[in-house]
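First chain written, first letter: the chains are A, B, C and D, and each begins at residue 1.
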Amino acid sequence: MPFQISSQLSYGVSCPSTALFSIHALTTSNQKILEEKLLIQPDLTFEEFPLETGQNRYIRLETGTVPQVDLSYTATVETQPQIISRDEIRSTPVAHLDRSALPYLFPSRYCQSDRLWRLASKLFGNLAHPLDQVIAIADWIYENIDYISGATDAATSAFDTVTQRAGVCRDFAHLGIALCRALSIPARYFTGYACLLQPQDFHACFEACIGNRWFVFDATRLAPLNGLVRIATGRDAADASIATIFGGMFLQSMMVNSISQDFQPLYRQDLDGQAVLLDP
Amino acid sequence: MPFQISSQLSYGVSCPSTALFSIHALTTSNQKILEEKLLIQPDLTFEEFPLETGQNRYIRLETGTVPQVDLSYTATVETQPQIISRDEIRSTPVAHLDRSALPYLFPSRYCQSDRLWRLASKLFGNLAHPLDQVIAIADWIYENIDYISGATDAATSAFDTVTQRAGVCRDFAHLGIALCRALSIPARYFTGYACLLQPQDFHACFEACIGNRWFVFDATRLAPLNGLVRIATGRDAADASIATIFGGMFLQSMMVNSISQDFQPLYRQDLDGQAVLLDP
Amino acid sequence: MPFQISSQLSYGVSCPSTALFSIHALTTSNQKILEEKLLIQPDLTFEEFPLETGQNRYIRLETGTVPQVDLSYTATVETQPQIISRDEIRSTPVAHLDRSALPYLFPSRYCQSDRLWRLASKLFGNLAHPLDQVIAIADWIYENIDYISGATDAATSAFDTVTQRAGVCRDFAHLGIALCRALSIPARYFTGYACLLQPQDFHACFEACIGNRWFVFDATRLAPLNGLVRIATGRDAADASIATIFGGMFLQSMMVNSISQDFQPLYRQDLDGQAVLLDP
Amino acid sequence: MPFQISSQLSYGVSCPSTALFSIHALTTSNQKILEEKLLIQPDLTFEEFPLETGQNRYIRLETGTVPQVDLSYTATVETQPQIISRDEIRSTPVAHLDRSALPYLFPSRYCQSDRLWRLASKLFGNLAHPLDQVIAIADWIYENIDYISGATDAATSAFDTVTQRAGVCRDFAHLGIALCRALSIPARYFTGYACLLQPQDFHACFEACIGNRWFVFDATRLAPLNGLVRIATGRDAADASIATIFGGMFLQSMMVNSISQDFQPLYRQDLDGQAVLLDP
């Protein structure tokens, strides 16, 4: 079930700039890159490396004095999402959490979990199992927040979304993360390519750490969970932004695509208490 | 059913100051002052007048160089709260609202109704009658917000309380007002003396304008609605503060009391769809 | 020096709606309407009245089922702005403020003066005379805030603008008001027609009460102070909005104009410590 | 010039809890621990490890059912702070920043640099060298923010402090970090022991990355820069908190101390354009 993924980004450049891009698929234990190609025009030098803020393959690129930069990335990626039944998912107290998961308990720029703990306790505190809590969180967001393009901007955080009740995938993910952390469940931001997402775009959702495994949840219900190709994870969009620009670069066009033959999509309603694990 | 109300406030004065106090009972069509007495020590000159921001009897007092100011107010006040059955309460569209009610549709310092309309529509938009909406608002606040002294401060607004889920009577009232206005129901802040409130203190709740009459609601459920003696109304606590100090005055002690013989308290649970009107 | 003012507003109507419009010139002691005409198409019934939240001439209009509403207002208005020299402007302590000015000391939706008092004291507390303080406030805003269309939205308040440092006339006025009130100087929001404003639009600025007279200040420096025709005043834009819509009406086009023959514009730099009084 | 550092923390425990503590001195190239001792009473098991969110030595401790936990940490630590002259400090564009510094350009929970860039540009954009910018940032904070215990709480962020103009060392550090990042200068939060700090307490300040070296700045001017012993660094207080509690533990008492014989303190005013490097 390999995915053909691609993205084309075109930027106008008004002054010499440096950009960080995070558009590559990751290589993980369950995600293999069969082939990939990145084309940058004009032929600028760049370097690729991970940042320690999560999982990612950033590229850093200097524009120099060119007036325009075009990126074209294509890859064929195979993933092995696993569906785990509820019985196999244990609860882990903070005392036994993997150390690597602990930072994902702390509040971050867009996920002010410290200010949402009473809300989270009231809404989800009656559920005993963290899996049930996270499922309930994603369902609550789906049911209570309207997906509206343009309703929010780059400064919008989970604290705003609780009240304003509208946003896009980024906002849905931030709110999910903040509510999980408020319940002492580690949670992180996921960006990726999403097969069958309509319209095609980069997608954001979130992973929650339950029983020391990271399960993926999409409160928007817009993307099949088994059709995701991971680009990056981080604490929130500040860590896993598609593009971070220093200088003067302006997005002129963007095309994203992800297709797969014989793909059998798996949505929230197909899971019935099971959870999806992208990487073990 | 007259109420014996009283309040004693003592302030230390660190520099010559001007204070506005709003602690007098109002005279309204349904609220009569049988007797009252205000004693200020030392014997400072002051003036009493209403501000046009609502209903009130402010006194303005200059301390000069005295180190201490004590206010003692006592009154006997008779009220005639009316219990109106749901059948007699009509809905009024904005087009036919009394002009005097229109300003209470606008957002104010602590009641940012402009940012809560989607929340209000989602929670209460399915109810057809504004009385049902306001009852549901007060019930929702009671059920979802914790009454916790010290959880909030003078800067806390309805926008915060939606997420932080804790507050005192002032915060409960602000949230009720903001949610009403977000549904195009005029709403205003009410401060008063409250018989059987435990512990005794000044109380805040809110009035909503339905069918061009102002009904009173207390989302804290701490005070019987027929035991309220009106001090002031306004758009929010900015208009109807008990004390507004310009200079250096520090509250040292405060005692508030309201008692009545033969008082039959009427709480939320006694109403069953009826609403309480303090003034017609 | 009469001004020919006009405004045309066209709205699409998606459902039966009620609107409040505030586009008429006011009649005041120094502002006389020589002639005026309001044309609403189609010929809908409406009523005109003031709201007690400030000075204004609101009209309330019901659309019924029409798909489109066009308003056209034209007037010839004579004003007599006065230029008052600094020597004639006294300071008035809160104890001697006109009662009608006191509400303009309180914080409001977009002017959270309660949260800005330390900032205001630090920036302007060293100036002894309130006129110098208000001039310094308007100058500081001009020098520190960028005028950028689209940088803010209807939820932006003075608290945001302090940090975000960008906005439009509405934001400049809100910040001026908040800083004045934080210094115990009453201040209110002013909307009007503005001769020589480029591009022509409704304009917002603010009035501060010094020595119990209301002087006008424009921190944007975009409009000559003696070319203003008053539409409304209020505590902030919540009180003095050009249009408040209940229902579904969408602005399709707006044209505003104000011209005068032989008009001698008076800008900030022409004043040299004097202040402009629109009404005594 | 070794420092004798110590801290004693006593917690009441109301239910079985897990705590993360960050009170150990770090071992770095310029900071050597000559001896140290941690005593926990009762004798609970705990583990020590670093989190990848910065530099730190967290301990994780489970209380079980004990009613009280006391921690006592003492150490002798030698540091070698370097004073670097302005001439030796180069500017590094983002394109040549060490990769490890890049995450410290991103906004975080308490340092919303994305919302402060216009403010930072206006205040400090005219300075060409990043060292001058950071010195000016620390000076501006010192001059414009009041150090007031209790003025802020755990939710206060740099965005608030810009306007509220009061705070403690944590708030001063957050604002410094946010302003640096807004100018594309990586900046991180520093917690440590501080010799001659009055009164003795844990201290927070910030490090900025200039020329790919991390220099330390203390906008409070309360602690000599050469008297700091590093406990942890991170993006902000969310990463480098002294104690993070999951469960019910309540601080009952805290004593912190740092002394050194023959210590020659170095304050801001002694530096004259030089900068202090704790670690190379």
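Operating definition for what follows: a contact is a pair of C-beta atoms (placed from the backbone, for glycine too) under 8 Å apart; a residue touches a chain by one contact, two chains touch by 3 or more.
This structure is a prediction, so every number in the text was calculated from the model and none was measured.
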- Note on the structure: Common contacts of chain A and chain B, by label, are none
- Note on the structure: Hopping only between chains that touch, the fewest steps from chain A to chain D number 1
- Message: I want to confirm something about chain C and chain D. Since they are copies of the same sequence, is their interface symmetric in residue numbering (over half shared, so same) or not (under half, so different)?
- Response: same
- Query: CA centre of chain C versus CA centre of chain D: separation in Å?
  - Reply: 46
- Task: Just give me the whole-number Å value for how far the CA centre of chain B lies from that of chain C.
- Result: 30
- Check each residue of chain B and list the ones that touch at least two other chains. 115
- Pairwise chain contacts under the document criterion: A-B, A-D, B-C, C-D
- Item | Sites on chain C touched by chain D in the complex | 115-116, 118-119, 122, 144, 146, 159, 162-166
- Item | Touching residues (chain side chain A, partner chain D) in the complex | 18, 20, 49, 51-53, 58, 60, 62, 93-95, 99-100, 102-103, 105-109, 111-112, 114-115, 154-155, 184, 238-239, 244, 246
